[in-house]
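Next come two complexes, and both contain chain A; in the first it sits with chain B, in the second with chain C.
Showing the complex of A and B:
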């Protein structure tokens, strides 16, 4: 679809949210909660923290929540009866005010969950989400989107993208058919935009710090370079913070919770950073030490995903590094891999 | 060259230690742990008011232990962690070389547990005043208010276990949360799963928490969960006369029985 450009007034943003609400769409947007910023359902514009760079957790929870029921069952004398959750019941949702790296993160998740057998729980929720991203006027030292093919005005994964171009005006890019359909519901708030608006003038300047192809090539060749992974991960304490805040981390676990009569099957986030992640029933753990788990994290994103799904599994949002309790900085570690002379 | 760099270089050169755990400059304005094994690396060592992380947890990390004999830059919390870990038979006397940075920047070295104990006896090991205020607020609440307070906090929890990983006392090879036969704690990060995890962890830290605050600092969701274990410090002291992390040969209050133990808390 050819992209369309429109103008929306800042002063009409609250009307916009009202419109969404009156059509019955849940609106998920960044909300300030003390020091953290959560992506949550909002009722009005004043709840939304549009000035924050990034929410603490990514937007992935809209389609891949931390806990999700996929099945209910009853245990009866005659046998087990199953009541699967029907993905068709998911609601049309609007994701509002997320950043371009959140929107593009869904591309990786689409690739992962879109593999056979297709994951309807994710795909259906994703299909029913319309993503309105806000480009980034500022960035911080943890951001490196431009090094992994994204950028502060990257439109990949967004249905609509908003860019502030003056105190009063927002440039609206209509990018997909889904976006077009939604934009039609607030067409009265839009006016045509001049064709020659230079959006890049309104975006943060995020320097490219490494060549992603080089990093992919070197990571792929470094499986046996134990010294590299050990050196990078000595301070890693093996928690799940990095994976849980990451927009592209998709590992999960299933747990049944039941009593003698009935139960539910839950899908839960999991992380390759945990030692338990690979622990076998026998007691053997193929990833015995933390450096092997760190290697997995990097190789999954920069070797296995490029090879198998043709995407790099990292959007350069830097969330993992901001959230890491011991300051593991992925941008720094990837830069170091890119600079290795000998692999 | 700072005294610290000189000292660590000397310790490495004369083979007193093989690796030294200290601080280096981190991302933005952060400070991070560093593992110094030679003179070049030692140049990275820094020491300033932001160096507050309790590094003692690293003394038990498998890959750090494998570096050989360890030295560590310990703050008061780390000294107490070492004492507590010693009392739980996780660190032996003389196994770790300990450097303490005094307020004026001078260094005190500890080569045995006795000297750490003596030092702690005359040192302020208490809870920070801001935290004391928070605890006072919590204690002033009704049971119901406190219940609501914690439930609201735990709602934010995503069960990333950064708190457990950062805690120097949470070193269990198989944490109760991870045990699945039987499953004591629901794995899911839902209301019950979060609540059970935090109550279980608080109970396991009762009388063992050295009030370093690493759990809360580590939490990406900004949950003040250190208050949960801090709140147990004074009742344990009042009931059993015990404070964690002061003596290397302390006996754990909650796993010993003395005939004159108070029993008024047993319902």
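Showing the complex of A and C:
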């Protein structure tokens, strides 16, 4: 659909959240929790941390939660019964105040979970989420969205995007039919915007540091370059923090939990950085050392996904580097791959 | 209707348990919901995720042939958490099964050819499915030869079926045990599978070789096949890697860009050679 431009007053944001709440929509937004900023359900505007550069966790949990139930059953050995766990059992939700890299991060998850056979646990939640992203007025040294095809005002994946254009006013871009439907519920707070507003004036300046096509090409050819992977991962302690904060990481595990009578099967986030991830019962491990696990992380995002799902599995949010306890910096590592003369 | 929960298993009743070897059992499983059983079909080579409710899932190839309907079988060694729990179950108990997943052994393409099955240890179960699928259509194939080796005589699985194959005039069966694994009355060969294969001087012409076994057996078997002129397209194997979903999503069974669960588990040696060293 053709994009529509509107103006919303900052002073009306509080009313906006109230409107969402009064219509019964759960609102997920960045919330300060001590030193971290989580994406959590909020009741009012004053809970929302709109001034932070980026939440610690990505927004992916709205459709791909850290833990979710996929089965429920009784435990009598001879008469085990299963109770239906309906993926469709999820309320229409508004994801508010996330960043453009969060919104566009869903395209990787869409590709993985949307491939046949479709994962309705993810798809139902995604379908029922309306995403209102806030463009980025500032960035930091970890950001590299513009190097992977995104940007501080990238609208891909957002249903609505808000951009602060003055102390008082927010430019509202209505980008999808879902966004249009939601915007109709607060039309009274919106006025028409001038057609010639130059949004780019209000966005952070994020420099392009590498050519993504070159990085994809060189990564694809580098499986056997063990020196590269070893050098990049010498510091890696395999903690998996990078995967847990990543907006595109989709690897998961199943674990059963039970009491004496009933049990549930849970789907939980997992990480290719863990040594147990691929360990066979026999003791054999196809990715035995950390450098092979680092190679998997980079190659999955920059070689396998581009080739098979036609999407680069990275949004350049830099969360993995901010979260890394040993200060590995993916922007630097990708730049180094891009600069390799000989592959 | 589109399946809503792709992770929900069928409920299966353990109809029959056979003790195959120390720590190795075969379960015959029957669908608790008859309609699900009637609608179920698979093809030899495919695998599934077997659930012990409260413990989790474990991946095995279906060990029964697709030519026999109404039940599936799995054969497993008690090795980890879920298989240990599985082993503690009794006939009549309920487990879960998701599947069938993965690609197949293209036995319809093998019509008119001779088949050479080479299996080691606990890798006979996935191959047993192919063997019976072919034996159930015996007239479609020329010579059928089975070479099976295990550590010791006790470790040989499907002892009744080995005896049956031994007696069949249309099957040539060679069994072997590792040196030191023989018993005083052992009438089979003694020696590792590749050595025995070499001694058998297999004929490659118009023959398909199917190899399943521990990595070390496969490693030494391929060169022998090469020595007797087997081209890479004539050699099939089935890979395994740790899996959770079985559907190409959970992210752990990949060998380079290839998902064992989705693109495999069956590969020709030609395909195997294109894979990076990650299995």
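Keep this in mind: the second predicted complex is superposed on the first by the 338 of 343 C-alpha atoms of A that agree within 3 Å, B and C clash if a C-alpha of one lies under 4 Å from a C-alpha of the other, contacts with A are read in each partner's own complex, and residues count from 1 in each chain.
In the analysis below, a residue touches a chain if its C-beta (ideal position, glycine included) is under 8 Å from a C-beta of that chain, and two chains touch if they have at least 3 such contacts.
Everything quoted here is computed from the prediction, not taken from an experiment.
In the superposed model, A:1 makes contact with neither chain B nor chain C. Contacts of A:142 after superposition on the shared chain: chain B is touched, whereas chain C is not.
In the superposition on chain A, contact of A:221 is made with neither chain B nor chain C.
Set side by side, chain B and chain C differ in how many residues of chain A they touch, and the one touching more is C. In the superposed model, A:208 makes contact with neither chain B nor chain C. In the superposition on chain A, A:343 makes contact with neither chain B nor chain C. Within the superposed three-chain model, A:250 lies in touch with chain C and out of touch with chain B [touch as defined at top].
In the superposition on chain A, contact is made by A:78 with chain C only, not with chain B. When both complexes are aligned on chain A by C-alpha atoms, chain A residues 253, 255 touch chain B in the first and chain C in the second. Contacts from chain B toward chain A in the complex involve residues 26-28, 30-35, 53, 57-58, 61-64, 156, 158-162, 164-166, 178, 186-190, 193, 214, 217-222. Taken in their complex, chain A has these residues touching chain C: 70-71, 73, 75, 77-82, 84-88, 112-113, 115, 117-121, 223-224, 250-256, 258, 263, 265, 267, 270, 272, 277-282, 284, 286-287, 292, 296, 299-300, 303-304, 307-308. Of all residues in chain C, only 2-9, 11, 51, 53-57, 79-80, 83, 89-90, 92-94, 96, 215, 240-242, 244-245, 247-257, 276, 278-279 touch chain A in the complex they form.
Residues 33-36, 38, 56-57, 66-67, 140-142, 230, 233-235, 237-241, 243-245, 253, 255, 257, 266, 268-269, 271, 274, 276, 289-291, 321, 323, 325-327, 329, 332 of chain A touch chain B in their complex.
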